[in-house]
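Consider the two complexes below, in which subunit A is the common component and subunit B and subunit C are the respective partners.
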Partner chain A sequence: MAKAKVATTSLCGCFGCHMSLLDIDDRILKLVELVDFNKSPINDIKEFTERCTVGLIEGGCCNEENVRVLRDFRKHCDILISVGDCATMGGIPAMRNTIPLKECLDEAYLNGPTVHNPSGQIPNDPEIPLLLNRVYPCHEVVKIDYHLPGCPPSADTLWEALVALLTDKPVALPYELIKYD
Partner chain B sequence: MSKSLEADVKKICKACGNDRTRMMDIVRSVQEQCGCVSGEAMDLIAREVSCHRVEVESVVSFYAFLSTRPKGKVVIRLCDDVIDEMKGSDQVAAALKTELGIDFGETTADGAITLEHTPCIGMCDQAPAAMVNDEVVTYLSGDAARSMVRSLREHMDPKKLVGRFGDGNNGHDLVRSMVHNNIRQSGEVVLAPLAEGAALKNALAMSPAEVIRDVKTARLRGRGGAGFPTGMKWEFTRNAPGTQRYVLCNADEGEPGTFKDRVILTERPDVLIEGMTIAGYAIGSDTGVLYLRAEYAYLRSFLEQALHDRRNKGLLGKDICGKKGFNFDIRIQMGAGAYICGEETSLISSVEGLRGDPKNRPPFPAQKGLHQCPTTVNNVETFCCVSRILEKGPGWFAQMGSKGSPGTKVLSISGDCHRPGVYEVPFGIKLSDVLKLCGAEDAAAVQVGGPSGTMVSPAEFGRTICYDDLATGGSVMVFGPKRNLLKVVRKFLEFFIEESCGYCTPCRVGNVLLLERLNRILDGRGEPSDLPYLERLGQTIKTAARCGLGQTSPNPVLTTLKSFRSAYESLVKEAPDGLQPSFDIGAALGDAKTITGRESVHF
Partner chain C sequence: MSETITFTIDGKEVSAQPGQTIMQAADAAGIYIPRLCAFEGLVPHGSCRVCTVMVNGRAQAACTQPVADGIVVENDTEKLLAIRRDIIEMLFVEGNHYCMFCEKSGNCELQALAYRFGIAAPKYPYLFPKREIDATHPDIFIDRNRCVLCGRCVRASRDVDGKGVFEFVGRGPQKRVAVNAEANLADTDLKTSDKAVEVCPVGAILRKRVGYAVPVGRRRYDHKPIGSDIEQAASKK
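Presenting the complex of A and B:
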């Protein structure tokens, strides 16, 4: 059987979920036997080169580029998985959701107690993607097939889920892998 | 200023015996006298009745008619339920706003008039209606609203707004209200006149157990809508251990579209009071409480007088009807604007001087109710039925109506019909016959039982009004062919969200999620998978909510999904490419475009 193609991305996340994926230690060798990575920060492939079976999404959507990438993933992947709390519900970045965008920027660049900004400018380079009015969990932007909660989901959780999915077995995560206290 | 506040609060608390369980009366009086219950007033109350300030504040913050900040001398509360909206409350609202120069929730600069919305005030048969302080004004229009504001500005006396009195006791010296009864059909049970004391004397000639037996033989079931057998409830209450027992009458008629208790209280208070007295005898209680919703405050003096008259005639008070040792008296407890208090355990909380939070059940009120004592809570109409059963005998009562639902039911019919008003009909009547009675043969949908009830489609108009089919506390709202039912559903959901006490998550959060998804569908951004989502979520709320409010709040969504599914289906469409149609990238980028002055490079 041909190896499954996997793509991953980190949107408005901290790369913690990707670090957790790397935490599978030596199982990474088994993983390589199981899958080929396409677009992913792990191999630094920037754009999709072929259709993928699975897309792993870390982080929610806080700016227009996140939305573009996420829609691109939806277009190129059969199955999309929201990985981690930011992807599934916005996470820490979504703490700004109750505050208007202008106030957030003012606090970050002008008024915050530790701000040193003599020019008084808020960064506005055309290269900087526009921020969304709030942070959206991925499933509010595109259809998401599975959610893996956790901050981050542990390496074992990711491994078990991914292997079950790729070998067409039911995902039976033991209690230890889905409890968070 | 502060000195006089202190004196006022002290006086009010003293009048209530410095009793913290009378908190509702205390804060209502302070509100009335001082225009609000300020932080300072709350501190003073707490000191006077020896409780924590937070206990006072939790009550003040809970009820819609209480406020911590001063309101205008006159508060106009425009009813914004769905029937009023259908009858043109929007024009009234617009007229009030322009005439007063303020928006809803605001007070005029001179501190004279405050403008607010309020949910159903029990006047759907004469909508649009509003409360001006305790006074009710009905059949409003834009013009009527404008002239109302002008005359208020002149005299600031809501009483003077009443031009012609309504029919019957609405013209009584102690009521003097423009409310109309709109009794379209009287029956023999509730709305027929009763020879004073006739039922009570029959009851007192029997033992309490025999009275309960009679109520059981009549197979009387609770008229509030849930239909619990009254005799059984009384027996549980009587047999529960304890020395003190209570009879509570639920006159907190808050289910939108219900106004039959208003009419019973206006025209047949004696039948009700007699029924409560019989209940007191049957369960062995000497204290009754009539919990009257704040919206019906205009009936209070009239009801006090009715109680007073009966005391004078020996029908209430000590040794009633000469029966040695049977003492029973009733006090009126005013509510303060909270739908949830119509739920019996919330009502008990409220009578105890607490926030109207529901309590855990079991123990049921029959075991541990008011002040932890055995308590029976019954609907106004139920007590009236009791009087009639004791007057005419259980056999006479049981042969009326249908098999599982003997007797008659008083319906409050409103909406798109020619003759809105109150109808006493035998149980088991077909909905189509009800619609014929009220002149609504072209109805496109009927909401039976208020927002928490069932939306019935024309195909089901052959169904019957009774506990085993279409149960209702009395509310029947008719919607004509031109109404958008999904918008009606939205209105109902907004009502439940507003009235949820917030205690349990399924109700507090779940209803908001239901509304969000419904709005999405109404905005044309819905997709087919939203329908099963609504069903799943609605079922979860029903299963997991703590009290009757949450257990029924998804009903508008669930029953319309069943009976009017095509209305939903016509609005949703499959989304292409796995995108979420509800996500609007343009709107999401709006703020950033304004702030940065740039356009999106991606979209």
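Presenting the complex of A and C:
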């Protein structure tokens, strides 16, 4: 049987969810029997080279680049999963959602107590993706098929969900595997 | 006068005393009706509607509705589970619930309800409202980002502590818990030993310097769903 293709990405996240995936310990050997990774920071493949069965999205959308990548994942993946609280509800980065963007930038680059910025400039290079007005949960940008909450979701949560999906079983996680912290 | 009332919940016969609420009778019979604003020892408030049951085909709040002979109560039905689930989801999107750094996480009743209902993510858009934190009191803070307007603190302060420290102000999306002082929480006579500090179901009213006292895995709802104490008490009988 051909191995299922899996892609992963970290948008506005901290890579904690990817760390949690590595936390499946020796089951990682079973995982490589089950899947091939396509675009993912795990293998550093930058662009999709083929269609994938599952796309794992860590982090919400805080800038235009996040939105581009997320749409690219939706286009190339059969099943898209929001992994973790940032993808699901914006997470810690979404704390800025109640503060106007200008105020956030001023605090980060001009007024913050530890800021040293003699030029008084706020970074504005065309290379830097433009920030969105607020942080968006992934399902408010594209259709998301499953949510695995948690900060991060435990390795068991990720493993159980992935194995169920890849073996055509329903994703029915037990009580202890759906947690928001 | 102590004639016994009998009625059914999901077809199961339950007996109760006159004057009891449906929720009290259900608890005694080991049937859990999900709830959020209700709290034992406080007058029922009937505001969150998580405890909605069907009584003879009509939606009623189980925490306020008195028992009556022969009523037919539905509790554990698809339709009611969906209604309650929606209410819980709306409470999540209506506030700012950052479970990942909340000291109440694992012991929070709102979170526990979501776990019990198997909610992986709310289907409604998050509102990200701007809410105020009051950390002026030396020992207690109130973080309105997490408040679900259950009114437990209001009732506990008024009826148990006899202080009336908290009261609701505003209506609709502007409704919030205010303190009974010209300025801030620090200007009230709220004490850490007050009932009002203990009853908040979420992490909106917390004692300072407690932090994450109980490790993950040993918190109240880490392994057992909310309500399982009520259900287990029944199965032991």
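The working rule: the second predicted complex is superposed on the first by the 178 of 181 C-alpha atoms of A that agree within 3 Å, B and C clash if a C-alpha of one lies under 4 Å from a C-alpha of the other, contacts with A are read in each partner's own complex, and residues count from 1 in each chain.
Here is the rule we use: a residue touches a chain if its C-beta (ideal position, glycine included) is under 8 Å from a C-beta of that chain, and two chains touch if they have at least 3 such contacts.
The shown structure was predicted, so the numbers you read here are calculated from the model rather than taken from an experiment.
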What does the overlay on subunit A give for subunit B and subunit C, a clash or a fit? clash
Now for A:I178: first (subunit B), second (subunit C), both, or neither, which partner does it touch? second
Identify the partner contact of A:T167: answer first if only subunit B is touched, second if only subunit C is, both if each is, neither if none is. neither
Is A:L101 touching anything from subunit B or subunit C once the two structures are fitted on A? First, second, both or neither. first
On the A-aligned overlay, A:N124 touches which partner chain: subunit B = first, subunit C = second, or both, or neither? first
Between subunit B (first) and subunit C (second), which does A:T114 come into contact with in this model arrangement: first, second, both, or neither? neither
Looking at A:V142, would you say it contacts subunit B, subunit C, both, or neither? Reply first, second, both or neither. first
Who does A:T88 touch here: subunit B (first), subunit C (second), both, or neither? second
Looking at subunit C, which part out of 6-14, 24-32, 42-50 or 222-230 clashes with subunit B after superposition? 42-50
Overlapping contact positions on subunit A, where the subunit C interface meets the subunit B interface: 134, 139-140
Contact set on subunit C toward subunit A in their complex: 92, 96-102, 105-106, 111, 114-116, 118-122, 125-126, 128-131, 216, 222-223, 225
Going by the contact rule at the top, pick out the subunit B residues touching subunit A in the complex. 575, 577-580, 582-583, 585, 587-593, 595-598, 600-603
Which residues of subunit A touch subunit B in the complex? 64-65, 67-68, 71, 74-75, 80, 100-102, 105, 122, 124, 126, 129-134, 136, 139-143
Hey, which residues of subunit A end up touching subunit C in the complex? 82, 85, 88-92, 94-95, 97-98, 134, 137, 139-140, 146-149, 151, 173, 175-176, 178-181
